[in-house]
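Shared chain: chain A. Partners: chain B in the first complex, chain C in the second.
After this line comes the complex of A and B, so read on.
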């Protein structure tokens, strides 16, 4: 028995589960974006797919009036949002338990993603993110480095996504 | 794979990220009760069924937005796409795309 974490250098792709995090779905009209961003301490980005980080929290622009905010568990963003509600009406929904987050990394990670994502992931800039599909399951893919990704997957889709990841990793390891 | 330009993401992305949502520019009657049964039937069910350029709605999973597209139903080529709420793009613009 060993409690050592096996880290094979030759492993072309590593799939890890990340710790639970606070996830918030924010909807606010463009006219109130700045006001609310100031209250949350986040400069909410306006271009779909771009991210902004501050004080350990991260905001991703998913659509013209939709943002995903990820922060460490226990962060209180609801109070400042509530205080700003009169000036910047919005909807802020806690969706922390809706998804799990997988970290995908390693030299062959782009091959792994290309097997299941129709979007050209190689062309995604480092530091960007996108809501896209992984074999028909809607996922949010964050590119943190050239071969370093995070993938938010709805819990109900997770078994399907995991089985595909295992299958593709096996194929990559076998040189297929 | 068919590539579709999303006017909100300003990016050209694979068809699998999009969902077709029927014919575009069909305004819901302001007062449905004032319509005859035939008029209501026409609003609900009667469509152009164009052979050639067709105005239609699509939804992008990425940004969650509905938008309008002009697609040729014969060649399956997208002639243009534009944001929801914008005026119908004239057919004469299709050559410029």
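After this line comes the complex of A and C, so read on.
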């Protein structure tokens, strides 16, 4: 997935750009959740922040009627969704280009995130995700491992976020 | 070895000398010293001059509450800091320091003339003296006063240091690592809770570091501290030194400022100087201890007069004897121990002057054993000495009678007026305070946050009591987390319990009106100032504070508040709680701006959004302007062009052939679902039911009040799908407003909103050659059925696209939306394909001019939140047959349909001059002032038609077509004719081309 890597010497945190993926915003009322989930082959989770994966696609519950679906590019979820539209009216919007995704990892990654994110990231379970802020930018943060995160950032906010990440990585490298 | 350093004593490293300079002179201190302790070790008490009277001053404390010993410190260019407390700044090699508020130098200061004229400079002096003549204030009084006063010098260079920020979530935050704080942390840490212990000093241990003879559980105090800190570390407790809790905010949010490099000889490259921690704690334990109070008597500010506890700290922490022949004046038992410890270290204590008649027998015995005379029932009436105290005058007191005094020679005077619990952080929470009449002090009362207060901070005294209280507080914090722990008990030997009494000014046989008995050292407020304030009518302590400036210095009255209150209460004949205590506000101690800024400086000062096409604009010399959070290309000047020339060229090129514009910042919202059209009908003024898929319409959005909120072109891509565009600045607001209606008013509708602003990069093409140029690049559009105001999903230059045919310029126009990653590719392809047509990139200024020539409004520029569709000439956009839409009812309110409302019209100046946006408009320029203003200019530009154009809102403007109005400007009155807002191609002939 990785297509670009900014590896600095002996840095305890690594920031990488991930290659584009299919990213969809799904909105459907709770009554039609199961129907639509069946059509998409995903058991749409109901607790905000929880995730479910199937067939290479992953759904994150962001609200009572809102899911974010990520799948490899080229995956066709639009057709099965369209077929179920009459039974389970919904909105499925392609937002693949709205955000870019960074992978943040390494032993000091929690410090990196705690520099700009007010949420208690350390308490976030592995396998969970959350919509939060990084400084003043809205982001979605996925915890894939104890020191392994993905961060979806709205494209226009990315220069600001990248600049902050660089500053904090430099600070962490200084060791104080 | 420095003259006053005791060999081998203290916690400083006697094998590690550190050299530094003070006012250009080089001194040697030891690793572990503060600037103050190192200067005192060298016999230097004079460290600065006071703010108003420029009186010579020395360190009065040994901690962060220091009001006097403020110095400038510097590490290098841009790294000068004024008002650093010498009692806090740790020594580092090569540290450069200087005293403040002196000229030409510290021991002889011209400004000290203020001191001799002190009778003039009493409280309220500025208010009374500089009242007349009024015109003198701005030009003479204020500049002179500002020049003479001021605390230190402001830095003038850019600060090259880095500052960091960090969020922290913890179960228990313990503030203060003295006896109580350590005991609390030990309790809290025992059940696996996440515990953080912070202390503002370089070392943890609090007053135990100044009381090494105390034994806890059989261990000497220092060994005990070391062992407990090791236990805490082993239990995973986060220990943070040099970390000041500066503020206590809502829901247990505490701000911590951590000093990282100021004490280091050579800080690591790129290390931040300070880090601001924003801590969210489940439970907070405040164990901040108590601050010693000065006594109030004439000459209590002379260098060499200091708090007794401070002398004890200098002795035990730093191995510094503050003098050879100290005298002590006290109203509290604690000062005896300072006297005893100094005597035991070789000082000859001249006398202990105790204001109390009866003294504890064991203290008298301790004094007798050391040969120290105790003068009980005595007062101090003055001190002598110019730059350092030489003697103190002690007088016996019998009832209210002050007997004859005698001068006692001394080289320093240690005072103790008792101890004030540190209530600052508790006060930040708006917790209420209760007056404790027994100890004459305020104590924490009703809490508003999940916090515990332990130890001397709630008025306890003696280590055994404080340790037990800290342990209990830690346990209560655990219980607050629904965890359990064991209670701990500590046995203390050689404890130093004590009590005392509280005074106003000490009694004197002199004229109290002439006494320079200081309360607030930094602001030079004396007891007589407080009494004067009361005599002049101040009743509330808040008024007394502002009139005298008592407690308004950078130390925020840490030493002065209670003394000031006691004296004000005495003058008013009231009990202290009836007079009240002023409010403590964050930060607890002065905090650098850098720590507050953190990363928010330089290119991360403020979030700046950039479009996918921004790199091209930057590479091609665009001048940018901020629009909402975005930076947008404003215009693209060619060599030698100013803004006016560039914009005119861009406008003409677009009207003549072809212009290209980055419109990616336009807000975009996908409105999808079976009820999409119903939702659109309810939100927007326009009718949407009959809009066919593949067609667009201009949409107008109102608030409930009927005033214009936003607008944009909206395309219907399928029966259930609308592509809504909003203004750049309105994107988030419009989405929020729509969501609000959807969730609170119409939850029954099956429709959903998704922000797609950033999904699409949007490029606008405008000009008579736009269609010709674009056609060959497009696949999937039936051009025979793609008139003005159409939309389609297709490909452009091989990229998946949503194509809109619309115009914001009056020329044939298109907006091409492609997925954002392709934005730059599309732009480059269009620039290439446009070459034969001399395609011209243009910025927001040209966009503004071209739209204004057509009379297209910009929401937020030509509207201001009080403009209705009728006022703006947009009645045509209202679906008259619609049952309802947001704002419909308001449009028929009497004042909305009344005559004489301001209406949007065009303006052409008679002399062809350019009007200023915002300029006010009158009907009769010869009327007396203040003139009746009937409107103002909203937009004004040089146009492509050879003359400037303007839009304005004018009362009853629609009925005044062709009439003349006047615009008074500083350089003369302009005449302008009211016209239609459509200046260019009123028949829209060019759109149909």
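Just so we're on the same page, the second predicted complex is superposed on the first by the 166 of 176 C-alpha atoms of A that agree within 3 Å, B and C clash if a C-alpha of one lies under 4 Å from a C-alpha of the other, contacts with A are read in each partner's own complex, and residues count from 1 in each chain.
Keep this in mind: a residue touches a chain if its C-beta (ideal position, glycine included) is under 8 Å from a C-beta of that chain, and two chains touch if they have at least 3 such contacts.
Please read these numbers as outputs of a predicted model, since none were measured by experiment.
K.L.:
First (chain B), second (chain C), both or neither: which does A:97 touch?
P.N.:
second
K.L.:
Thinking of the overlay built on chain A, is A:118 touched by chain B (first), by chain C (second), by both, or by neither?
P.N.:
Both partners.
K.L.:
What is the contact status of A:137 with respect to chain B (first) and chain C (second): first, second, both, or neither?
P.N.:
So A:137 only meets chain C here.
K.L.:
So, A:154: does it touch chain B (first), chain C (second), both, or neither?
P.N.:
So A:154 only meets chain C here.
K.L.:
Looking at the overlay, what does A:107 touch: chain B (first), chain C (second), both, or neither?
P.N.:
Neither partner.
K.L.:
For A:146, select first, second, both or neither according to whether it touches chain B, chain C, the two together, or no partner.
P.N.:
In the superposition, A:146 touches no partner, neither chain B nor chain C.
K.L.:
By residue count, which of the two partners contacts chain A more extensively, chain B or chain C?
P.N.:
In the superposed model, C touches more residues of chain A.
K.L.:
Under the contact definition given at the top, report the residues of chain A touching chain B in one complex and chain C in the other.
P.N.:
118-119, 136
K.L.:
Considering only the defined contacts, which chain A positions touch chain B in the complex?
P.N.:
Those residues of chain A that touch chain B are 48-49, 62-64, 66, 118-119, 130-133, 136, 138.
K.L.:
Considering only the defined contacts, which chain B positions touch chain A in the complex?
P.N.:
1, 8-11, 13-17, 61-65
K.L.:
Where on chain A does chain C make contact in their complex?
P.N.:
Going by the criterion above, the answer is residues 20, 25, 27, 29, 65, 89-99, 111, 114-120, 122-123, 135-137, 154-157, 159-160, 163-164, 167-168, 170-171, 173-176.
K.L.:
In the complex formed with chain A, which residues of chain C make contact?
P.N.:
162, 164-169, 260-261, 267-272, 278, 280, 599-600, 603-604, 607-612, 630, 670, 672-674, 750-752, 754-760, 819-821
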